[in-house]
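A single structure is presented below for examination.
Letters are used for the chains, namely A, B, C and D, taken in the order the chains are written, and counting of residues starts over at 1 for each.
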Amino acid sequence: MNIKDELSKISTNLVIDEKRANYKIIIDEPSKLIDVANSIKNLGFDHVVSVTGVDYPDKIEVIWHVSSYSSEELKGIDLAISMTVKKPEPLKQTDAQGNINVNRPPVTVPSLVSVWPSGIFSEREAFEMFGIIFDGHPDLRYLMLPEDFYGTWPLRKDFTYQKPKVFIE
Amino acid sequence: MADAEGLIYLGNLDDVAKKALEFLNKSEFIKKTLSWGIDFSLWPVHLMTSCCGAEFAAAASPRFDLERLGFLPFGGPRQTNLLVVEGTTTIKMARVVKRVYEQMPNPKWVIAMGACAMDGGIFFNSYNTIVAREYLPVDAYVPGCPPRPEALARAVLLIQEKIKREKDALLGVKNEH
Amino acid sequence: MSEVRKPRDPLTGHVKALAKGFKYLVEPNRMTLDYPAETMKLPPNYRGFFTVDDKKCIGCSMCEMVCPPEAITMVPRIIGEGGKTIPAPEGEKEVKGPKRTKRPVVNWGKCIFCYFCVDVCPVDAFIPTQVHDLAFEKDSEYRPSYEDYLKPPEEPYKNSKKVISKADLKRGVSYEPAP
Amino acid sequence: MSEKVYNIDDLQNINVEGEKYIILQIGPSHPGSGHMRLKVWLDGDIIVKVDPDIGFVHRTSEWLSERREWIKAVPIVERIMLPDTVHANLAYVLTVEKLLGIEPPPRAQYLRSLVAEINRITSHLYGIGIFGIFLGSSTVYMWAFGDREPFIDLMEMLTGARITTSYIIPGGVRWDLPNGFKERAETVLQYMERRLKDYEDIWVKNPVVQARTINVGTLKKEDAIRLGVVGPNLRASGVYYDTRKHHPYAAYSNLDFEVPTMKNGDSYDRLLIRVEEIKQSIKLIRQILKDIPEGKIIADQIYNQLNPVMKKNYEEKKRVMFPAFMIHMRPPAGEASAKVEAGRGEIFFYIKSTGDKYPYRFRWVTPSFRNLPYFTHVTVGHRLADLPTIYGSIDYFPPEADR
C-alpha cells in the first residue's frame, strides 16, 4: 500500500513535508470533514492522538492528529487533518464603570467523536482552551478549568489574565 | 452548707474548665511534656497537591524514612496536624487545600514544599496557580524543584524546633507574661 | 509472554510469600540514611545551592536572560565615590569615580536548580556547591540581598558524619564515610 | 460482575438523571485518588458511571511555553511529568531539533537512550509501588520505592539531579559519563535482577494480588485500539505497538530489544507488563553501556559556538556549557511533531514555529491524558472495591494528565 497515493485519493489537499515526515490533509469545506474522516478511518487510522487549535489573528485552525495501532504499515505515520474556520468579530461592551469587556465568541466545527471515540477528552480540552464548539460532541463540558473561566478561552492569543482578587470565600 | 456553695461554682463548669486550663497552661512541666509529645508526632495529611508528591513519597520510603522523625502520612485530616503543600497549587486545588486545612484540629503547622509553593517557581506567572503563603499561614519553606527528601526532613526538624520554642502557645490559650 | 500468567495455587503462594517475608525479617536489607546524624556528600556535579564569584562576574546579564523561572535579578553594584552598595574588593582600589556594573542575585523561592545560568555564564563565574538541605522559616529569608548571596550557603548540620552513597549488590544502596 | 448489563459503548448516553443512584465523590483529598476527583454513580455497590473531574493540577504548561524562549520550555515539560522527566525532555528536544535541523552525534544518542531507560525503570517502580498502596500492601510500596533509589543515584551521578535532570538539550546532552559509572550500573542491575525474583514471590504471584487483579478491569484489544489508550496498558491488551520500534528515536534503531505484549488486558496483565519491561530495560542498559561509541556529546553546530572558557571546560570536565545561541534560538518557520515512549506511554509533541523567539503553538499530549478512557469505560460494571485496583493498575499520574 502506498500511503501517499491512498491519501491523495481521499483528498487533493495533501501537504507532505518529506524532511520532517509530516502528512497533513487540509479541508476547505466543513461539510466534507466527516466524509474525509470516515475514509481515513477505513484506511486504517484508528485513533486520535491529539485535537487542538492554532489561533491566528482572524481565524482558528483545528487540527486532529490521527495514527494507527492496527495496521502494521501505518504505525509509523502521523497524519494531521486540518480545518480552518473564520473567527467572528469580538464584541466590545462598556460597562457602568467604564471598563471595556471584550466578548470573544466561540467558533463551531463538526465533531469527529462519532468517527473516533478516542478524541472525546481532547475535544473537550480544545473547547475550553480555544472556544471551539464541536457540533455533535455528546458531552461538551469544561474539563480542566473551573467553571468561572467560561468565555475567556485561555490559549487564544488575545487572552489577558488578572489574578483573581477574591480567591477563597 | 452555705460555705460550700460559695466554694463550688455550681452550674458554671465552663469557668472551672477555663481556670483549670489556665493552671495547666502555666505549668512548665505540662508544657514541656506536651511539646515533646507533639514534636515527635507530626502527622502530615495525605493530600498531594502537585508533583512534589513524588519526592514526598520518596521521603516516606525506606531510604530517607521520615517515620524516624514521627512523620507518618495519614488519610483523614481529622487525625493530622501537619499540612505539606507539595508544589504548585492551582486555584481549583487551593480551595480543597484550604478546606482540608480548616478541617484539621489545632495546633497545626504548614510546610510549603518546593519552589512553586514558595514564590511560584517555574509556574510563577501562570493564570491558574497560586502560592501557598497567600492562603495559608506557612511555618517552613523548603526550596528546590523538587526538594530532596533530606530538605523535607530539615523542614520537619525546623518545625520541631519551633514547637519546642513556642510551647506556650500549644494549648491555644496564650500566657500573660 | 503469556506463560508468566499462571495463577499460583493459594497454598504454595501464601507459603512462599510468608517465607520471603520471614527471610527479610531475619536478614533485612537496610538502606536508611540516618539523616541529621549523617548527611550525604553528593557527587561533584550535583546541582545544589550556588553563589557567584564577585571578581569573575562581568555583569553581562546572560544568566538573567536564560533563567526559566526568572529567579535571577541583576542588582546594581557601584564602586568608588558616592556608591556604597558593595565595598570594593581588593585589587580594584585604583578605580576612580563611580564604576557601575550589575550582579546577579538568586531568589531561592523561585530557583529550580536547573543550572542553566551556571552553564550559560561566559566566564564560568558561578560557584556551585553541593549544599542541598536548607529550609527557611520566613519568606524574607529566601530572598537574599547581594551581600548575603555572596556568602557560600551554610550546611545546617556541619558536625554530622559525611557519607557517600555506593551501589551495593546486597542492599541496593549502602553508605561509606566520605573521603 | 453486575447482573444488569450496561452498554459500555455509548457510556456518555447513560441517563443517570431520573434513576436512584448513589453519587460518590472520591477525591481530591483522598489517599487513593491523588490529585483528581472521581464522580461515581453507584447502583448498590456496582459502578454505573464514572466521570473523572481532572484539572486540579492544570498548570498551563502550553500557555507558559508559548510565552517563553524555546530553551525555557525544557524545565516546564519536565515538571509536568515528574516520574518520566527524561522522556518529556527528550520528546520536546526532538521536536525542536526537527525544526532546527540539528542531528546529535552518536554518543549523545546512546546517552539519551541510557538515561531514558534508567528513567523507565524508576517510573515503573514508582507505578508498582503506588499500585501496592492502592491494594493496601505497604510492603510493596516500601520495596519499590527503596529499589528506585539505586537507579535515582545513577541518574544523579550522571546528570546532577535526582529527578528533574534537564539533561538533554538541543544538539546533544549536558554531561558525559562520569568515571566508574559502568561498574556501578552493573552492580545496580544485578541487584535489581535478584530483587525481581523476590518481587515475584511476595507480590506478583501472591494469591491475594492475583485474586484482586485477575479479570478486573479488562480492556479488550479492539476496545483498546478504539479508545486510543497508550503505553504498557495498550500492550497489556495485546496490541503490538511501541514508539521505540515504530518511530525510532535516539539510539533505539541500533539496539536489540523485545516489546512484551500480553493477551488478556486485565489489571494483572498491566502489572506483569511493567515487570517485563523492567527486565527489557535492564537488558537495554547493559547493551548501551557495552556498545556506546566514543566521540563528541554535542553537535558541531553547537560546539563551534562555545567560547574558549567553555571549550576548556568541555575538554577537562566533559561538561557542555550553553552558548548564547541557546537563549536566542529562533528555529525556522514550520511545524514539527515527535513521539516518545515514556514509562507510562506515548508523549506527542506538535510545535509550530513562526521563526520567532517564542514557539507560536506549543501542543503536547501526555500518556495519562490519553489513558483517561479507562475510568469512564473499564470501571463500569465492577464493584466499587475494584475501582482502586483499576486506578492503580493503569499507573495514572494526574499532574501529567492535566499538564
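Here is the rule we go by: a residue touches a chain if its C-beta (ideal position, glycine included) is under 8 Å from a C-beta of that chain, and two chains touch if they have at least 3 such contacts.
The shown structure was predicted, so the numbers you read here are calculated from the model rather than taken from an experiment.
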* Structure fact -> Note, CA centroid farthest from chain A's centroid sits on chain B
* From the C-alpha centre of chain A to that of chain D, how far is it in Å? -> 25
* Cα centroid separation between chain A and chain B, in whole Å? -> 46
* Asked: How big is the gap, in whole Å, between where the Cα atoms of chain B centre and where those of chain C centre?
  -> 26
* Structure fact -> For the pair chain B and chain D, the C-alpha centroid-to-centroid distance in angstrom is 34
* To do: Give the residues of chain A that touch two or more other chains, as numbers and ranges in rising order.
  => 145-146, 154, 159
* Residues within chain B bordering two or more other chains -> 62-63, 92, 121-122, 127-128, 145, 148
* Structure fact -> Multi-partner residues in chain C (2 or more other chains touched) are 31, 68-69, 112-114, 173
* Asked: Which word fits how the chains touch one another: line, ring, star, complete or other?
  -> other
* Complex contacts: residues of chain B adjacent to chain C -> 62-65, 68, 115, 118-122, 124, 133, 138-145, 148, 150-151, 153-155, 157-158, 162
* Asked: Across the complex, what residues on chain D touch chain A?
  -> 10, 12-13, 54-55, 58, 60, 62-63, 66, 98, 101, 224-228, 234, 239, 241, 246-247, 334-337, 339, 346, 348, 350, 352, 360-361, 363, 365, 369-370, 372-373, 402
* **chain D-facing residues of chain A, complex** => 17, 19-20, 22, 46-50, 52, 54-55, 63, 65, 69-70, 75-76, 78, 80, 116-122, 129, 138-139, 142-146, 154-155, 159
* Asked: If you look only at chain D, which of its residues touch chain B in the complex?
  -> 28-31, 34-35, 55-60, 63-64, 67, 75-76, 79-80, 82-83, 126, 129-130, 141-142, 145-146, 148-149, 152, 162-164, 399
* Asked: Within the complex, which stretch of chain B touches chain D?
  -> 45-51, 53-55, 57-58, 60-63, 73, 75, 77, 88, 90, 92-93, 96, 99-100, 121-123, 125-129, 145-146, 148
